[in-house]
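Take a look at these structures.
Two complexes follow with subunit A in common, the first pairing it with subunit B and the second with subunit C.
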Partner chain A sequence: MSEFNKTEMPTEIDNEVEKENFFIKIKNFFVSKVSNKKSQKNQMLEWKKDGWKAIVSLAPALLILLVFTFYPIIKTFIVSFFPSYNYQTDAFGQFGFDSYATVLQDTTFWRAMGNTALMVIVSVPLSIIIALLITVLLNSIKRLQGVYQVIFFLPYVTNGIAFGLVFATIFSPMDYGLINSLLNLVGISSVHWTGTAYTIPYWAGIFVITVYAIWNGLAFKILVFLSGLQGIDKQYYQAAQVDATPKWRVFTKITVPLLSPMILYITITSLIGAFKSYSSIVALFGEDMGNGLDETFITAVGYIYKYFNSVTSGGNAELLSVASAAALILFVFIMIITLFQMWANKRKVHY
Partner chain B sequence: MEVKLINLTKVFSKKEGDVCAVDHINITIPTGKLVGLLGPSGCGKSTTLYMIAGLHRPTEGEIYFGENEVSKFPPEKRGIGLVFQNYALYPHLTVRQNIMFPLENKKMPKQEAAEKAEEYANLVGIGDLMDRKPSQLSGGQQQRVAIARALVKEPEVLLLDEPLSNLDARLRLQTREEIKRIQKETGVTTIFVTHDQEEAMSISDEIVVMNFGVVHQIGKPQDVYNEPIDMFVAKFLGTPPINIIPAHMEKDKICFFDETFKEKADIDAKDGDELSIGIRPEFVQVDEKGKYQIHVEMVEYIGRDKSIIFKFKGGEQTFKAIVPSTLEVLPDTDIRINFTRFFIFDSEGKRLI
Partner chain C sequence: MEKEELYFASEKQAKRYEVIRIVKLCLVYFALSVAALFTLVPFYWMLATSFKTLDEVIRVPATFIPQNPTIDNYLDVFNGRNSILIRYIGNTLLVGVFTTILVVVTTVLAAFAFSRLDFKGKNVIFSLLLATMMVPGEMMIMTNFTTVADLNWLNTYQALIVPFGTSVFYIFFLRQNFMQIPDELYYAAKVDGNSDFKYLWKVMIPIARPAIITVVILEMIGSWNAYIWPRTVSQNSEMKLVTDGLLSLFQSDTGGETSHIMMAATTVVSLPLLIAFVCFKKYIMRGVARSGIKG
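Showing the complex of A and B:
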C-alpha cells in the first residue's frame, strides 16, 4: 500500500485554479480594452505601452510554459504521426497513421477507455450530487456549523499518505479490513477489494475506485459550493419562504440555478480529472493496474503511461509514437466532452 | 384584514449585550388601508415589518391578523405578500416565471397561473416585459415585478420594505403614485416601511412614527404634521425641518434670547425650566408691526418660495423661514416678524402647547 502517496487531486486543482485566474485576468484585460472606447489612436498607444509591460511581466511564466507545456504538446502531436519515431535518436522516419491504428485496434486501449468512461459517467455526477447535498445540509446547520465545516474540509488538508492509509484500512482485502469485518459479521465472506496479491472482482474494484474518487474530491467540491452558497443573497430564500416554497423546490429552482457557475466549474474540472485518473488506480491496485498482467482497471492515462514507461525503461523505442497517439485520442475525447459541456451549460448557467 | 400588534417586542441578543430593537409597541392597522412605518434608520421599523412577515420571531407580544393570533406562525402560513428592499427577484427566471413562482408553489394549474400572472403584470403595468430577465429591467420595472409577485397570490396583507429607496428621485415620485393606485385598486391592507417622511406623508392613509423601537405617534399624515405629539415627531416631519428655538421660563414668562415669547404662560413648568419653541419655517410671517426683530443673514430662492436664514436679537444660532417669493427681503437687513403658530416642548421633548 506504499503507493498510496500518489494522490493527484490537490496539486491538480491548484493548477486548475491558477489557470482559471489567469484566464479571467486575460479576459478582463481584453474586455477593459474593448469596452474602453477612447479614440482609436490613444488606445493603440496605450496598448503598445501596456503590451510591452505585460509581455515582460509574463515572460518568466511564458518561458516555463513554453518549455514544459507547449513544446511537449506540439512534440506529442507530431510524434503521433511518425510511427517509427525513435526516442533515443530523435529520428522521425516515415509519416503515417500506423500508431493510431495500433491504438484503436488494441483491446487493452478500449478496456482502458471503458474504465475511464465508467469513472467519468458514474463517479463525477455522483460526487457532484453528494457534494451539493452535503453543502446544502452543512449550510443549513445553525449550531456548530464551523465544526462540521472543519470535519468536511479535513480531507482536503490531510496528507495524501494518511488519506491513503485510512482508505487502505477500510478496504483492506484481509479479514481485518473495516468493510470485510462488517461483512463477516453478517456472515458474508471477505471480498478482495484492493491490493496486488489477489484477484479482485471487477465490480469490487470499480466500487472502490468510485468511492475513492468521490471521497477524494468531496472536500474541494464542498469548499467551492459552500463559498458559492454563502454568496447567494439570503433574501431569495426569505422571499421563497414567504411564498411557501417547498424545500425541494427551493433547492432545484433557486439554489441549483444560482450555484450553476460553480457547478459548471466543478463539473468541468472533475470531468477532466476523471479522464486523467491514473495515480489512484496505481495506489489501489499496483503498477499493473489490477490482477497481475490483466490490467483489469487500466485507465486511458494508465495506457499512455504504460507505453511511455516501456520506452523509457529501455523497451522498444518506437512505442513512444503509440503513446502519443493514445494521448491525442484522449485529448480529443476530453475536448469534445468539454465543448459539449460548455454548449449545454450556456443555456443553463446563470451568472 | 385588520392587523393588530399588541406589546410587540424584539430583543436581539448580541455579544455586547441585548439590544431592544422594538419595545412594546401597539399598533392597529385598519382593513384596506395603506400605512407607513416611518422613522430614522435603526428605529425598529424594518424589524417590526419582518415580525409581521414572520421572518423575525417576536421576543414578546402578539400579532393578530383579523381574529387569528399569528405570531407563532411561520411566514408561509401567514398569507402575506412581501416586497423586499432590493426586490429579491430570482435572476435566473423571467418576469413571467418570477410572478408565477408563488402560484406554482401552491400547485395551481399552469394555465390558470399564467393567466393570473398576466393579470397582475398588467395591473402593475409590466405586461409587455413578461419574457425579460430581471437584469434587463430598470429599477422601477423590477420594483413592479416584485409587487406583482407579492400580489399574485392575493395576500390579505401586503408588506413593503423601503419600496422606493432604490429608485432615483423622479422614478420615486412616479412609483409612489403607482403604489397608491395599486393599493386602492386591490384594496389590500398594506404596510410599508420608509425613512423618507415626504414619501410616507404623500401616500399613506396613516403613518406610524417610530424611534428607538418606540411608537411616538400614529395618525393621518396631515394630523401628525399639524399636531406633533413631541419634539421628535415635530423635528422628523417636514422639509425644511422645524426650527427649534431654545427658551426658558422666567417666573411665568417664556423667554428666548433677548425676547419675551409669552407674558403669562399657563403651562406645566416652573421658573428656570429649559424649554424649546418649535416654529415650522412656514409659521414665520414677515410683518412690519411684527413682535420680533430679526437679522436676515441670507436669502435663498427655491422656486415657488423664498427661504430666509435669520438670527434673533441676542442669539448666534440661525433659523430658517419660508416666505412667498414675491416678498422683498434683502440679506443683511433687519426686519420684523410674527409667528402664526408655534409648539412648545419641555426639556424632555414632550409637547406642552
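Showing the complex of A and C:
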C-alpha cells in the first residue's frame, strides 16, 4: 500500500497539470469508452448487484444536478424562444425568435462584444506573455524562489470584489488617488479612471480593467506554467548548453514548445474568463458598468445580467427571455472555444 | 540549476565570466522584484489607506505612509454603522462551511459510484454530466432564481447552499483519483468481508485525502468569492454575503469620501482567506495547480 501511496500522492506541486487539463481527460474518456468493451461481461454480471448502491450514492448529487443544472439548461433554452415568457405566471405565450432579434439588434450587445474582444486581444496575450517571462525568470533562480512564488500567488486568494474596490481606490478619479498623485508629480493632469460619478475616457477604463485582469490572473498562470516548466526534462536544456544555444532561442525553441499544452490551456481559460468577467467591472465602475448614462464597459456576461437584474429587481418579467437568448449566445461562443481547444489539443500541441 | 563546471583559458576570462553571471543574476532579481512590487502594491495601499484619517485620505498629493495612523476605521467597521459587515462575514462562513460539507459528501459518493460500482447507464449518465461542464452558469441562474422563488427560499440560507451543493467538475476530479486506486485493494477488502461503503470509508477516502482537501480548499475560496448568485437570492440586507455586502455598503455613492473605511472593510474581508493561505500554503498551491479551475 505504501508503494503506490508514493506514486499517487505527490507531495510537491506536481507536474501533472497537463494531465489535469480536464478537457484532455474528457476526450480520453470518450476514446476509452469506445475501446473499453472488454469488461462488458463483467458489468452485465455485476450491475444488478451494485444497482441499489449506485442509486444510493448517486442520488444526492443527481438530485441537485437535475433540479439546478439539467432542468434550468432545458428551461432557459426553451424560454429564449418565447419572447413574452413571464416567470411569475410561467405563461409561455407565442413561440418566436424576437428575443434573439432584440439581442442582435441591440447596440449595447455589440458594445459588450467589442469590449470583450478588446480584452481578448489586449489583456489575454499580455498577461500570458508576462506570466511566461516571470515563470522563466523564477525558474532560473534558486534563492528566494519560494518567497517570490508565494508573493505572486497572493492575488489568487483575494476576494474579487474587495480588490476591485482596492483598484478603484488606487485609480481614484480624484486628485488624491495614488495614480493621479503620481501623474501630477510628473506634470500630467488627473484622469477620471473609475467611479460612478464621472465620464470615464474609454482608454482609461480599458487600461484599469487590463491592469486589474493582469494582476488578478498572474497567480494562476505562473503556478500552472511553473509546474509545467519543472516537468520539462533537464536534458533538453543540457543539450542546448552543449551547443551554446543563445538564451532567446532556448526560450522560443525549447521552453515554449514544451509548455504548449499549458499555454493552450491557459489561453482557453483566459478567453472564457474574458467573456465571463463581470464582478471586477462592477467593483470598478458600479452596477451600471459605466458612468450611469450608458454601460461603457459592459461585457458579454454583464449584458446578460443587465437584463436579468432588471427582472429580479422587479422590472419587466418578460425580459427574462432576452436574458436567456443572450445566455444561449454566450453558450455558443464558449462551446466554439472549447471545441477549438479539443481540436487543437489533438493536432497542434505535442512535443 | 546546478552549478556549471566551466574551464577558462585565463583567470581574466574566468573573472569576466563571473562578473557577467552576477550582473545577469542581479537583473533577474530586479525584474522579479518589480513584478513582485506590482503584485504587492494593492495590498499595501489597502492597508495604508485603512489606517488614514479622512483628512489625510483627501490630501493632495497622496501620502504613501499614514502620517498619523488611526484604528478608527476598523472600529467603524466593527462597531459603527458598518458593523453589519461582521454579520455578512458570519453568513459567508456559515454558507461556505455547509456548502463545502454538502459538496464533499455528494461528490465523493458520486465519484465512488462512477469509479467503483458497475450499474446500468453508468457511461451515459457520466457523459451527460461532463457535457454540462461546457455550459456557462449564466444559462442556469435565471431558471434557478425562479425555482428558488417558487420554493419560497428567497432570503434563506438553503437558497445559498443547496443549488451549489454538488459539482460535476469535482465528481470528475475525484473519480480520476479514485480510479488510480488498484483493484487488488478492493478485492482484498471484499475477501475480508467488507461492504462497498466500508471500503469507500476505510480505504478510498484516506488514500484520496489530498484530492478531497483540494476540493475543500477550492470550494471555500469559491464561497468566499461568490457574488452573482448570493446577490440574486439575498435581497434582504440581513442575508447578504461579504462580496455583495461590501458593494452595497460602499458603492452607493453619497458624495463623501469613504475610501479609508472601505479599505478597512476590505482588509477585514480579505484577512480570513489570507490567513488560511498562510496556514495551508502548500495544500492550496498544490490544489490549485492540480485542478486548474477559476478561469
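The criterion applied here is as follows: the second predicted complex is superposed on the first by the 273 of 351 C-alpha atoms of A that agree within 3 Å, B and C clash if a C-alpha of one lies under 4 Å from a C-alpha of the other, contacts with A are read in each partner's own complex, and residues count from 1 in each chain.
Quick note on the criterion: a residue touches a chain if its C-beta (ideal position, glycine included) is under 8 Å from a C-beta of that chain, and two chains touch if they have at least 3 such contacts.
Remember, predicted model here, so these are calculated numbers, not experimental data.
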First (subunit B), second (subunit C), both or neither touched by A:Thr245: first
Residue contacts on subunit A - larger count, subunit B or subunit C: C
Partner chain(s) touched by A:Tyr265 [first = subunit B, second = subunit C, both, neither]: second
Which superposed partner A:Val157 touches (first subunit B, second subunit C, both, neither): second
A:Tyr236 touches, of subunit B and subunit C: first, second, both or neither? first
Contacts of A:Leu66 with subunit B and subunit C, given as first, second, both or neither: neither
Which superposed partner A:Leu330 touches (first subunit B, second subunit C, both, neither): second
Doubly contacted residues of subunit A, that is, touched by subunit B and again by subunit C: 241
Residue numbers on subunit A that touch subunit C, as the complex places them: 1, 4-5, 8-10, 12-14, 16-17, 20-22, 25-26, 29-30, 33, 42-43, 46-47, 50-51, 53-58, 60-62, 64-65, 67-73, 75-77, 79, 87, 90, 130, 133-134, 137-138, 140-142, 144, 148-163, 165-167, 169-170, 172, 174-178, 181, 184-185, 195-197, 215, 218, 220, 223-224, 227, 241, 265, 269-270, 272-273, 275-276, 278-279, 282-283, 286-287, 301, 304-305, 308, 311-313, 320, 323-324, 327-328, 330-331, 334-335, 338
Subunit A residues touching subunit B - in the complex, by the definition given at the top: 233, 235-236, 238-239, 241-246, 249, 253-254, 257-258, 260, 350
Subunit B - residues contacting subunit A, complex: 53-55, 74-77, 80-82, 84, 86, 88, 90-93, 101-102, 104-106, 149, 153
Subunit C - residues contacting subunit A, complex: 1, 4, 25, 28-29, 31-32, 35-36, 38-43, 45-46, 49, 57-62, 105-107, 109-110, 112-113, 117-120, 122-123, 125-130, 132-136, 138-147, 162-166, 168-169, 171-173, 176-177, 180-182, 185, 196-197, 207, 210, 221, 224-225, 227-228, 232, 235, 242-244, 246-247, 250-251, 253, 257, 259, 262-263, 266, 269-270, 273-274, 276-277, 281, 284-286, 288-292, 294-295
